[in-house]
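Submitted below is the structure of interest, expressed as structure tokens.
Chain lettering (A, B, C and D) follows the sequence in which the chains are written, and residue indices restart at 1 in each chain.
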Amino acid sequence: MSDRLDDLERRIDELRAGVRKAMRVRDGATARVLRAELRSAERAWDALVSGRPPQAKEEPQPQKAALVTVREQVHQGLRLLGAAAQPRLIVAVSDAFFGGTIRSSQLTSLRRDEERSFRSSPFGRPYYLCAALTDRLSPARGLLTLSTWPLERRVVGPLSPRVDFLTCAIATATAIEERDSDDERALRLLVRMARNIPGATDGTLGPPDPGRVAAAARAELLVHAERDTRDRAELAERATAQLGDAARLFGAATLSTIKKENAK
Amino acid sequence: MSLLTSLARLRALDEGIAQPVATVRHCHLSARPMVFIPLKLSGEAAAPLAAMLGTDRADPALLVVTQPRNRDLRFAWAAQVAEVLLPYIEGFMNDTETVERKNTDPYERAIDAPQLIVPNQGGVAFTRLLGRSTRFRRTDGPYPVPESVPLLGRWLTYLGERAAYPGSSLMLAATEELGRHWASGQSSLEDANLAALLAWITTGPTDEAEDPLIWPPAGPATDPGFDAEVLAPAMESGSAERVTEALRTQLEPTWRLMWQAIDLLAALPEGASVAQRWEQDRGSFSGMAVHIAEGAPPQARRDGAVAAAARLARMERAQAAYDVQRAYDDPLVMAEYRLTGEAFAGEVIETVPDNTEGEGRSRKLRPLVVIKTDDPVRLPPGTTLGTPQRRSQGAELVEAAEGLVTLKITKGMGRGRTAAPGAVPEVGERVCYTSLTDDFQGSPALPEPEATPWTHGGPPQEYVPDDEDAQEEWS
Amino acid sequence: MSGLKREGDHVHRLDALRGTTPQQPHDARAIAALAANPGCARRALMDGAGIDKDAAARHLGFPAPFGQSPFAITRGNMFEALVKADGCAELLRMLREVLGLPVAEVSYHDVENVGAHLRHAHTKALFDRAAREGHDAGTLYDHPLLSLRIAGHTAYLEPDVVAFQLGGRFHIVEIKSFAVIDGQADPAAVAAAARQAAVYVLALRNLLEELGHDPLKVSHDVVLVCPENFANRPVATLVDVRKQLAVLRRQLARMTTLDRLLEGLPDDLSFDLLPDEDGRPTRPVAELADALHRTTARYAPDCLSTCDLCFFCRDEARQEGASDLLGRQVRDELGGVASVAEALGLADGSRDPAEGQEEIARLLRNAERLRRECLN
Amino acid sequence: MTTEQLAPEQVIRNVLADLPRHRGVVVDSPPGAGKSTLVVRAAAHIAATGEPLMIVAQTNEQVDDLVARISDKHPHLTVGRLSAGGYVPPLRMLELPGVRVGTRIQDLGDPDIVIATADKWAWIGDRVWPWAIVDEAYQMRSDKLLRIAGLFERALFVGDPGQLDPFSIVDGDRWSGLSWDPLQSAVSVLLRHNPDLPVHRLPVSWRLPASAAPVVSQAFYPFTGFRSGTNHGDRWLELSTGGMGTVHDRALEEAARSGWALLELPNRHTVRTDGEAVQAVALLAERLLQRGAVAGSEQGERPVTADRIAVGAAHRDQVAAIRAAGLPPEITVDTANRLQGREYDVTIVLHPLSGRRDATAFHLESGRLCVLASRHRHACVVVARAGIAELLDAHPSAEPVQLGVPVKFPDGWEANQSVLEHLSRHRV
């Protein structure tokens, strides 16, 4: 056993050296081959040390996920926030309020799946997780929205990122108040948001008062609301006028993407 | 660096082996040094990755953070480091000697003191950062840590600052000390690579020293290739053993180098003033121990106006003394001053031991000594001189011309009408005199911090480590 | 314009030097690095010709010792994402603190919303409008695409963000993931960031000038955003890059006056790597090495942290037994003496000082005498 | 002419007027702009109010010089000269009316004005003066100010921002960015904590001739600037005996004619104590004496005697080498640091970058060149090897940047460039 281990270790060292040499001269091909061998050797080593049979690393599958799908958890998150949001925020909310189990990485493919499903059977589902639309009506990178929202809420003008952030902050604060949650994760999320809203904290480091956060956010929201509403209305109009159903939900392809499409 | 050192480097380059630039050891070397090799996670300010440390070359402790981005694991690691370092440090506190002082109370000074040795300046800086990131932590409140952690932080901070104190040996960087004693045939930049420098000193230069596959970097930064190909996968695999083993491969070679460096330094005879400087280190160490025992707050984030000025004065004083002492202890260092004409050595060819100056009561004994030297003397008449051969002696240059220097001895030749035996060098004796002298007057008092004047922002608010310090979230 | 014509000529010559090798685009880091060792003709020529020094070094068998850890890269991206998250919430907070940005100023334009080929034009349009209409036009501009003329070629640059603040002044925002601890950061890292930011400032100033606006609308104070202490929380510091700007202008001016260097070159000289279809260099190594050796380098140990070719040039210096190996200071102390053997010869008297070497010889002999005396 | 002189007079009035209004007043004084005159004026002005005044200078020479000036201009004032134990006062001072020298305040009686070096003041305690004048405040390290600031209620700080910054033998990075960084100059720390103190500028240099003021002003005071108090023609330098057409003679003639000369030696990398350059410097000084230079100015006409000539260099070993080249002892030979605040008719300068292959921050420090190029009333002759332009051109710029440390201008590189460009027009 132990000499088996020694052999493995020697082999692993050789392979590692090989890979690093290859990388130093940027010989990707060789590196890839060696890496593959290296991984299996390493798995074998792990197995020997831990006495487990070698196996590919499997994702821990928490039972909760079985009950609520990723899709549904994102839906919950967005419903609570009530504005276009980035995956990391959605994850944080789902984690803080719904004991969520999703990770940002799982959301990347989501939008494409939704679009595919929509195109195969339009409006076949009660709701779709879809894109926010830029001033070019193209999908805004890394922003998720709900198909059930009015277009005005799903387009982003210049002020919208800030407005949406404030909206999300208000929603989070309110949610904490309603549940009067003292959940560590929820409070940490609120702290993160609060310190970026003028007047939301009283300067101390303790958890901020949700009421105060919401009030502060509303106060700043007032400053931007009028102009943002105008911009969004105008964008929404254009979207309605220019886009078909699918594009309205998932965004119009930009010139470059169209090019790519044609290239295929 | 002087032409003398440059010449040594040229010689080293030519002969393919490092050349001595010192004839004695200028740092204290503990009988039981604590070797400490920290590694940090690339891209993070002070995220510890691992450390190999210990006082027994045969049995180093390897402490690893298997998931460096996990705050709890980091503090757990800091606690483990504390378990090794604190007992070592505290081990020196109890053996003390009582030191009497003029017009103030006597104090207790440790007989011996801890000595932390890291591979390079990077190691020192990282130690200071570790200290900074742990000394303010609280054992209660939001992100509680084990009691030992903030205490460790204060000691690491202390040692890290002491490393910047001229002539102190409480914390040494191996490459620095080696570089102080040997000149390699490479640039001082390249000397920062421990493996390379040691190769120059022992076997001669080798490009292997720059191959991270053969000699992993001595830290605190790891080799990017290692990060990408070994460490990252190991972390993903979630196997603690694998991460640990991976890091062991990066630390063990350096561990061996460190002890090799220590042996090399130990082989040199100790300089005459080293013990005296170590005594100050011991005093400082005891002072710190008392400071902590009395429950003083952790070191402030940065020096206040008064603290800064006080520290600067201490450091300048120490630097000046260190330079002089090194020259007095070591002819090869003194040679640097002989080269620039601030010192000269030669043979005594004539003396007038009973020469006097002044008349009647003001009549003073001023023995004259004439020295023949090959050194270019660039000292004006009247310059005060000292000599390594008779450290208590004071002299004054009378004139220097055509390789002949006349000087008169002004102090340290005894009270009597004639010079005390041995006070005046004999004809034929080889002597060295220099304008470098170690008589500095103390620096004048500074205001109390609470009396900081308006020119410097007025009295600072009392420093209390606040929650911010303690709760600073670690990511 | 004779100036243009001249530029044209030497651009032609530089392209010839590069041959079939595709032009290596200058990014901000590369441009900032032009000042690293201006005295080095080899480097100036390769940069001017737009040769990928890293590729060349690898092909020559002297791969550069640089590399970035995946951890550092991830950390960098994570931090940038954090700063820009939630409509740049963190960034707005800092701009409000540091520059007194009014609460109303929050509008955000992501230039990347348009296809890559349109980005530069779109950037121009946006800044033109911003410069004309003042603060109503916009506050934050993400992923703008700027450009700068380097030795006759256009280099495209992507600053992390550009903040535009009331008072009609643009500020470059530079997001870096090295930590600012108790108000201080690694001075070398800050300097690098400042040099890089200076490139953006200059590019943006040029852009405004082209558009007929006052270039000084771009502030020389850049906003440096770094993680504070040991937390992930970003903190902003203003950094005055006037000195870096001055240096940059000097270097760009030198780039357009490579003529002096080019004139000295043999006509058949070429740095061509002869890349095959998948970009791998096929030029015989010896031949390429020989070509490089025909240009004069100015190696100094500092190159080890600034130039991809450092190991190649260090090796060359070793072959020549040049005292440059030991560093600029040693080189200067040796006065005119460039070679190790020569210096040692003068020291031990085995070589007579050439005209003008008398003093250094005297000093070296004296030093040698002292060393011998002390060592035995 | 008179109108030109009015302006500085006005500045001085404004300074005096500001004194009672602010806790501190700063006066920037370019080379030879009448700093000492201002100090003496202010001293008398304050003494006239009957309130005691302390004056702080940096060196014993500066202190002695001020004592002499004050008792010369205001013999009725009583002045106490505090000194350290070892100090031997020059005889002339002991003869001055109303001046007493002592090592303790008590020894001085109760004079109107007490003068000492900053180092000496640091040992004085338990008394507070309503007024202080700090001279050469830009050369004073802020930790020295910290030691003595408790001694006075309000102070006038006078100094030349263009000269060398204070330095330390230890590395001070740990304090950089702190508003009270002990290695910063007294003035910069003072102003960082009291940003609204008034800062006045003396606009006219009485020392630098019309040929020099614009050059120095543009290179080293790019933002503030100053002008010469004299016009072209007000100052002249004449070599009474004819030359022999040697480069040295021609250099001196060029200097006499234009106020500047660059004696350029062939391009070569040399050791610091470049024999040829040292020889050239020595020869120039010697020839200058031999040719019986006569300087004429608003102060009348006088021969340029050895004590009116200074030779400046960057390093101590260079100074030693030049001394060793056998100059008359009356000629001052010294490093930039020690030439600060001094004035001569003609200066001969060994360029800090001469014969070097690379420049270090030390050699590029603008203050160093500024001191060397601004000590003269009539002419400055610079000795340098060719190739400095190339050196500057090849200079790598990778200076580290400390957060929170205000950028210092002028940039040494630019300043060197600008001076060199001017000198090239006076090359022989």
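Remarks
What we mean here is this: contacts are C-beta pairs under 8 Å (C-beta built on N, C-alpha and C of every residue); 3 or more make two chains touch, one makes a residue touch a chain.
Chain-to-protein mapping (UniProt): C = Secreted protein.
Since this is a predicted model, take the numbers as computed values, not measurements.
More inter-chain C-beta contacts link the pair A-C than the other of A-C and A-B. Rounded to whole angstrom, the centroid-to-centroid distance between subunit B and subunit C (Secreted protein), based on C-alpha atoms, equals 36 Å. Distance between chain centres (mean CA atoms), subunit A to subunit B: 51 Å.
Subunit A and subunit D have Cα centroids separated by 65 Å. Shared interface positions of subunit B, i.e. residues touching 2 or more other chains, are given as 225, 228, 302. Counting only residues that touch two or more partner chains, subunit C (Secreted protein) has 67, 183, 302, 329, 333-334, 363.
Counting only residues that touch two or more partner chains, subunit D has none.
By the definition given earlier, chain contacts exist for A-B, A-C, B-C, B-D, C-D.
Taken together, the subunit A residues at the contact with subunit C (Secreted protein) in this complex read 24-26, 86, 88-89, 134-136, 138, 140-141, 158-165, 168, 193, 195-196, 198, 220, 223-224, 254-257, 259. Only residues 23-24, 119, 122-123, 125, 142-143, 145-147, 149-150, 168-172, 174-175, 178-183, 186, 189-190, 193-194, 317, 320, 324 of subunit D touch subunit B when the two sit together in their complex. In the complex of the two chains, the subunit D residues touching subunit C (Secreted protein) come out as 173, 176-177, 268-271, 273-275, 355-358, 360, 393-404, 406-407, 409, 411, 413-414. Here subunit C (Secreted protein) touches subunit B in the complex through residues 65, 67-76, 177-179, 181-183, 227, 229-233, 301-302, 304-305, 321, 323, 325-327, 329-330, 333-334, 340-341, 343-344, 347, 363-364, 366-371, 373-375, going by the rule given at the top.
On the subunit C (Secreted protein) side of its complex with subunit A, the touching residues are 58, 63, 67, 81, 85-90, 92-93, 96, 103-104, 106-110, 112-118, 138.
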